[in-house]
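These notes open a run of structures that come right after.
Both of the next two complexes hold chain A, though its partner changes from chain B to chain C.
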Partner chain A sequence: MPREVDGMSLLMETEGMGVRPSLDGCIKCTICESACPYAAVTERFPGPKTVGPQEERFRHGPLSADWSVDYCSGCGICSRVCPQDVRIAEINSRARAQLKEQRGIPLRDQLLARPDVMGRLGRPIRPLFNWAMGTPLVRFPVERVIGIHRKAAVPTVAPRTFQQWARRHPRRPAQDRVVYFHGCSTNYFEPRLGRMVVAVLEHQGLAVEIPQQGCCGLPLQSNGNFPAARTYATRLARQLRSAPSEVPVIASSTSCALMLKREAREILGVEDPALVDVSQRTYDIFEYLRDLHEQGRLKTDFVPVELTVAYHAPCQQQNQLIGKPALDVLALVPGLKLVELDRDCCGVGGTYGIKREKYEISMAVGAGLFSDIKHTAPDLVLCDSETCRWHIAKATGFPVIHPLELLHRAYGGH
Partner chain B sequence: MITDALVIGAGTAGLTAGIRLARGGLRVTVVASGEGCLPLASGTIDVLGFAPEAVQSPRGALPGFLDANPEHPYRISGLAGLEQSLAWFVKTTEPLGYHGELSRNQWVPTVLGGLRPTALVPRSMAAADLGAGGEVLIAGIRGFRDFHPALLAANLGRAAAAPAPAIRTRAVELEWPGSAGDMPPFRLARRLEDPEIRRRLAAQLHSQLGDATAVGLPAVLGRERAAEVHADLEQRLGRPVFEIPGLPPSLPGLRLFDCMRRALLDAGGRLLMGSTAISATHHRDTVDSVTITQASRPVKVSTGFVVLATGGFATGGIVRQPDGQLQEPVFGLPVHGLAPGQEPFGDVYLAEHPLDRVGLSTDAEGRPLGVAGGPHAVNLYAAGAVLAGALPWREKSGEGVSLATGWHAAEAILSGRREDAA
Partner chain C sequence: MTEALECQLLVIGGGSTGAGVAWDAALRGFQVILADRGDLATGTAGRFHGLLHSGGRYVVRDPAGARECARENVILRRVASAAIEDTGGLFVTTPLDDLDYADRFLAACPAAEVPVEEISPAEALRREPRLTPAVRRAFAVRDGSIDSWKLIWSCARGAEQLGARILPYHPVTAILRDGDRVTGARLHDLRSGDELDVRAECVINAAGAWSGRVAQMAGCEVAVRPGKGVMVAINHRLANCVVNRCHMTGDGDIVVPSHSVSVIGTTDTPVEDPDDIEATAEEVASMMAAGDVLLPGFSRSRALRVWSGARPLLPKTAAAVGDDREVSRSHAVIRHAQRDALGGLISIAGGKLTTFRLMAKDTVDAACAELGVEKSCTTAETPLPGSTGSNYYRLPDHQADFEKGRADNPMICECELVSQADLLEAARVHPKGQIDDLRRVLRVGMGPCQGGFCAFRIAGLLHGHGAYDRTEANATLRAFVQERWKGQRRVLWGQQLRQARLDTWIFQGVLDIEHLPT
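So, the complex of A and B:
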């Protein structure tokens, strides 16, 4: 009879291998290099294998061979395509942090790494901030002095935070509860998205809890400040743990979801029990809705949406290894014509493509995606990640929204 | 997660099965722990090159070859199934323009200047068949470390075995127009999609053409716009241009991967790259779910059918336990091909090892055998390099086996469903 293999113990074995020792599995097949969208367009980044498993041999303590690892955007495609399970992107992320520790983190990167601080500082001077960021005459000196590229997409600060709205939003009692992890972007820049997430979840008959919450630390991690990132991630996990242990944590920011699920543990090495617990029950919003549908519990009282929409799955969403659940769920909406954009990376890499020295690389990486979008000429572009949405919208001129906004509309929302 | 058919592995066998099943109306999920063999492959379709002497006609040689190798995976599809799978492949990869005849192998140059037999080549290698001799110019790019035209040309001049006509070769090294930085093949390929770069390369080549009837170049002629790059160079040079695949990463293999992945998505299939299948659950004689890894916790994928296309020992489809036991890791299937107590490795590194022939044995339909001797499950099929009985690198049969068995696994599933419906 069929033999059961103990899957869990196999998984533990792989996890136990750790990030750095995994480079021993590298057979130099170059699959990661040929899949890397950054190495393809710039000589400044020699490729994930070269700066990763290869250069790692020359890194002893604080010493690093050169700066090139800073031109990795952290998209993680290399780790996903590696057939030998080498944690290439994770090795490179750690190497970058080591480099920064040694040489210091520029003021600009310190700033970009703290969206919560930017949001908090920007809100009192909101009209000025939003005007300044939209005005080329201001963006030129900003580029010269701070190093944020004048053409890079920068979000606008919303008049009220999502948390302010959530505090007044009446909590609906229901048997099934979920915790909503909204992230900084929803709080300061796109509170509308948060309200729609709550509406869609409540429409399923769920009680939505929205604890006070800070930044997950991902931008700090990708800008090389690991100590601060660890503090942020641990604090957030404790905040989200306010509900009992079986309650799922639902995230609408896909890169922040991945931070909780894996990166804080794997890259930062956080072992706090709160984080370990939360990472096991964090769900991407569409991953959760797809599960509901497969259990026959998703409401399907949709109104037809007669639109052509093109969907781009961002890297950090793909790195969750959950497939493309937004496509699975939106396929249920009548009238909707869904086009799957078969591209890996838009090029922005969180805060990578905003930087003066990397903007052109970022645009070259995204060129294929932008041209596919223009060729498809959809009514709307859908993408789960906020920084990618802003980048794609700015680069193509097409409106780019979170797929959840479309689902909200399909439920008759406005 | 729920799917009608789960394919484990995204190499030639897995993608073939996945595309066919998706076109057949099933919800298909292809899960792969990484990109499979294709980014490393030459992009040609080998069917049978040595049996063990050089094969001129795979169609002619296959019946005798199967008689001599009754456990060979080709027995699952049979010759007819193999031919159907090749025809299906040519149609599915139409943008790449594969061509060739099962009745005649083509002899194409290797990057060291040897000649090797293969059945189908993409359009970019249409002029690479030097089996009938020829006058070729081999052009490299100075600074590109993986392609040495003088070495290649010299060896190629000696490669043609009598009574085949001679291959007359000349070598030239071109100056790359632009930055002389590091030149990985994928970046060269992308740069060559710029017409200005091509114009300047072609201008250098033009004066060197002489009597050459064809020009061989390293296989870096574009990725997304490869057809345009190739056609443009032929037009500028006024004679056939062919690619010579070399060290990985291989652009012809990557183009094939791009093309098949796109065909899977176009057919409505899903590709889950980076997840590893780790275990399965069964109900009576049926596999009902496979557990795969995700970023934070494994998830069960409920499925009606499974195609196991995880490759051989080199890609983790077969693993060796610390106690020396060989095993298929997802279902715990027994591995055949090694006698009890037989050492898996020989003494000479670059020679045949007993381990090379191990793999899964199947029933006549391609269902792998379990520990009890019969099929492990009624809805589990195996395809590609995970199968026992072939020695692809020696036979030159790798792509043929993967296509034929991947195609056949889908055929068995689809025809089973048709019978159920009738």
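So, the complex of A and C:
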């Protein structure tokens, strides 16, 4: 890639989309620290401004030494609220990766960083795995030895992967095509969600293509393994290009969608043409359905759903800067009483809240949300992100589903 | 009321030279008193770019000066390691620089004992990714970054431990004479208002750019010519080693990493008054533009602050005119007994921070001759307090230290990672310290917000701990905010302007600083 002499583009190239130079914008207004849900509940995390634009000035490659930044969950609220466009969460994400590179990534984080491997290994021993993860007697030693908190929510492995189902699913010929990016969680843990996504999309008269696909690399990124994350993201982008370049890529996992849309480029600095292409045509499933509705193309043959549901927008969905499209679309469903939970973060931060040393922090961050849910006492809680769903369900005891499942039901699905 | 003190050597001037003389003389067993008109390191030494010379800058023009630097560089790394960051340095030939000069530069290094290694442009860019990609040749040298405040404080502390007395805020009001002999000086204690006579066997005029004035009080002349040098600090490190242009020295051709910032320097303009050296807007603009030659994007980076220092230049001959950089930086020790038939007075003029130890040695050697004693210099072998010969300063170490006590130690200065415990300890060691004095010890207020968030915390905290009464707290806060403002005035554009607006709202809008009770 040619180096430009023009100052800023050079800075951006060498620093990756201007992440580090953006610290020049920090005037210490402290808005990010006021908004950070993690700094509010733990002294272990001094706050996004502190570990971000301030301490970045003291980092010097392999000599950098601050464990505090590992207590950032990467929720990204700081970057979203910054009036000066400082890339706070991105600076911190890179610092975390640097830290891990120096000190080595613990076995636990290596495991958590590879949901595809976990899913693949867990499936053949599925009954044992699911039993073990639900059994306190097993979870104690798992916490001691591996460092996954005994009370943390872990998903159960499904008997068949979504890909196995998809291979046998007859492709509907149609003029308008979409590519479905289902993500690891749907494939191994929640294939049911994938089947509903396909049904809802086909109901709109679309041909749904489901290419073979791997992990997006997000858990690797948030656990500090950037080199592997770059490989994963690039490989996934190439897999998703199976269809021609104008075909939209629809994602039902919000965090994985954000990875493709922004983080692979902005945090990992991947500039592979395949990724650049895919990043520009990836849509959150509800973002896409809302677009269809705005074009008058969304089917509205809904059956009434007489339920009270409470909706929580996860951080990684909010960071896509698309508003809350699930609320917009579900507002069309007759009979449905929608309650918007006006809280920022549930506390799980992907794999953050599963970890032994962070579980209590995670529960404290989510406390307000959990109490709102209990106070609302809905029939169902809706949330677009899988790890948030598992965490909220475990913490509150309420059933938590993807809003798409509710939409599926409103279309008469079961 | 006039008090009186006695000593063998009275050193006037608490810059690097004066502090170096005090340390050297105390090591040789002299009873020393050092006085400065302000705090230590507030003249030229505290207002430079922070470069520990490898000698590379002088190899072509002044090989003898280069050799001095190269030798002192090795010695200071041994005895003052805690004040030094071993950054290394690069001399790079940009498209604006003469390729022939690079050959002359490389050829001149061995004779001047300046270690140098040519590296490929690709390797230079690997080491410093923001370096201009148009670099044509690159040479690695042993430049470093040196913290003059730490250096001077450790000299002063070391001297004190050996019995010396350090008197900051004690300007000289008169040189005391007895016939053709200087017998001491009258000092004015700015804090108490008292006069203080110090009787000394020998007075050392180490007032740097101000040494002409001190000499004048004794009725003789030191022909030092103050030369103004302008520097600009950039918000963060754009390069982690010293970056020099490989050419005959010019304006803005060196960028030094200094703690968390990058400092570009410098200019050289003769001035009449070493206290009248404010940088002009044109000088700042030329620094920013010059930075782009070495580090593209420099001028669009956030500038924090501008300052200037007055070099104590010593003309080779009285007739020397024109560009000050043609004047040798080398120093001269003047024994007024020999030159002016005035005993008991020695002046040291010229020099540069990198050679401060050598200057001190030459000066104390002259004092020994003046007093007829033989005591040899040991500063080249004796580490300064806090230095072990290998404990170089490293930027992330400061972060690591801060990290250890983070949980139960509130942060006072966010930009420079200074904790409440650090502040209270510094205030204990410097009982009458103004906030600006504590800045030179702790670096409080040196970062992007220029004191906007720490100044009121410091004033309030130290008032709460009884270090200041109400009047003192308000006065030092006002003085500090004013001082920080002065340095920012010339860089008020872009992000620093936004910062200044926020700071103004804090101090004027929230604190109503102009109407604080006195």
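One rule holds for everything that comes next: the second predicted complex is superposed on the first by the 396 of 414 C-alpha atoms of A that agree within 3 Å, B and C clash if a C-alpha of one lies under 4 Å from a C-alpha of the other, contacts with A are read in each partner's own complex, and residues count from 1 in each chain.
Everything below uses one rule, namely that a contact is a pair of C-beta atoms (placed from the backbone, for glycine too) under 8 Å apart; a residue touches a chain by one contact, two chains touch by 3 or more.
As the structure is a computational prediction, the values presented were derived from the model and not from experiment.
*Asks:* For A:Gly323 in the superposed arrangement: first (chain B), second (chain C), both or neither?
*Replies:* After superposing on A, A:Gly323 lies in contact with chain B but is clear of chain C.
*Asks:* Mind working out whether A:Asp342 is in touch with chain B, chain C, both or neither, as first, second, both or neither?
*Replies:* A:Asp342 contacts chain B only, not chain C.
*Asks:* Answer with first, second, both or neither: which of chain B and chain C does A:Glu294 touch in the superposed model?
*Replies:* first
*Asks:* Check the residue A:Glu43 against both partner chains and state whether it touches chain B (first), chain C (second), both, or neither.
*Replies:* Both: A:Glu43 reaches chain B and chain C.
*Asks:* Of chain B and chain C, which one touches more residues of chain A?
*Replies:* B
*Asks:* For A:Gln84, using the defined touch cut-off, is the partner it touches chain B, chain C, both, or neither? Pick first, second, both or neither.
*Replies:* Both partners, chain B and chain C.
*Asks:* After superposition on the shared chain, which partner residues are touched by A:Cys29: those of chain B (first), chain C (second), both, or neither?
*Replies:* both
*Asks:* By the touch definition at the top of the document, which applies to A:Gln280: first (chain B), second (chain C), both, or neither?
*Replies:* first
*Asks:* Could you look at A:Arg262 and tell me whether it touches chain B, chain C, both or neither (first, second, both, neither)?
*Replies:* In the superposition, A:Arg262 touches chain B alone.
*Asks:* Using the superposition on A, tell me which residues of chain A are in contact with chain B and, in the other complex, with chain C.
*Replies:* Comparing the two interfaces on chain A, one with chain B and one with chain C, the shared residues are 3, 5-8, 10-11, 14, 29, 43, 46, 84.
*Asks:* Can you name the residues of chain B that touch chain A in the complex?
*Replies:* Spelled out, the residues of chain B in touch with chain A are 1-2, 29, 33-36, 39-40, 179, 181-182, 184-187, 190, 224, 248-249, 254, 261-262, 265, 270, 272-276, 278-282, 287, 291-299, 315-316, 329-332, 370-372, 376-377.
*Asks:* Would you mind writing out the residues of chain A in touch with chain B in their complex?
*Replies:* Residues 1-8, 10-11, 14, 29-31, 33-35, 39-41, 43, 46-47, 79-85, 258, 260-262, 279-280, 282, 290, 294, 318-324, 340, 342, 368.
*Asks:* Enumerate the contact residues on chain C facing chain A in the complex.
*Replies:* 129-130, 132-134, 235-237, 240, 260-261, 292, 296-302, 394-400, 403, 406-407, 411, 414-415, 417, 447-449, 452-453, 495, 498-499, 502
*Asks:* Going by the contact rule at the top, pick out the chain A residues touching chain C in the complex.
*Replies:* Per the touch definition, chain A meets chain C at residues 3, 5-8, 10-11, 14, 20-21, 23-29, 43-44, 46, 49-50, 54-61, 63-68, 84.
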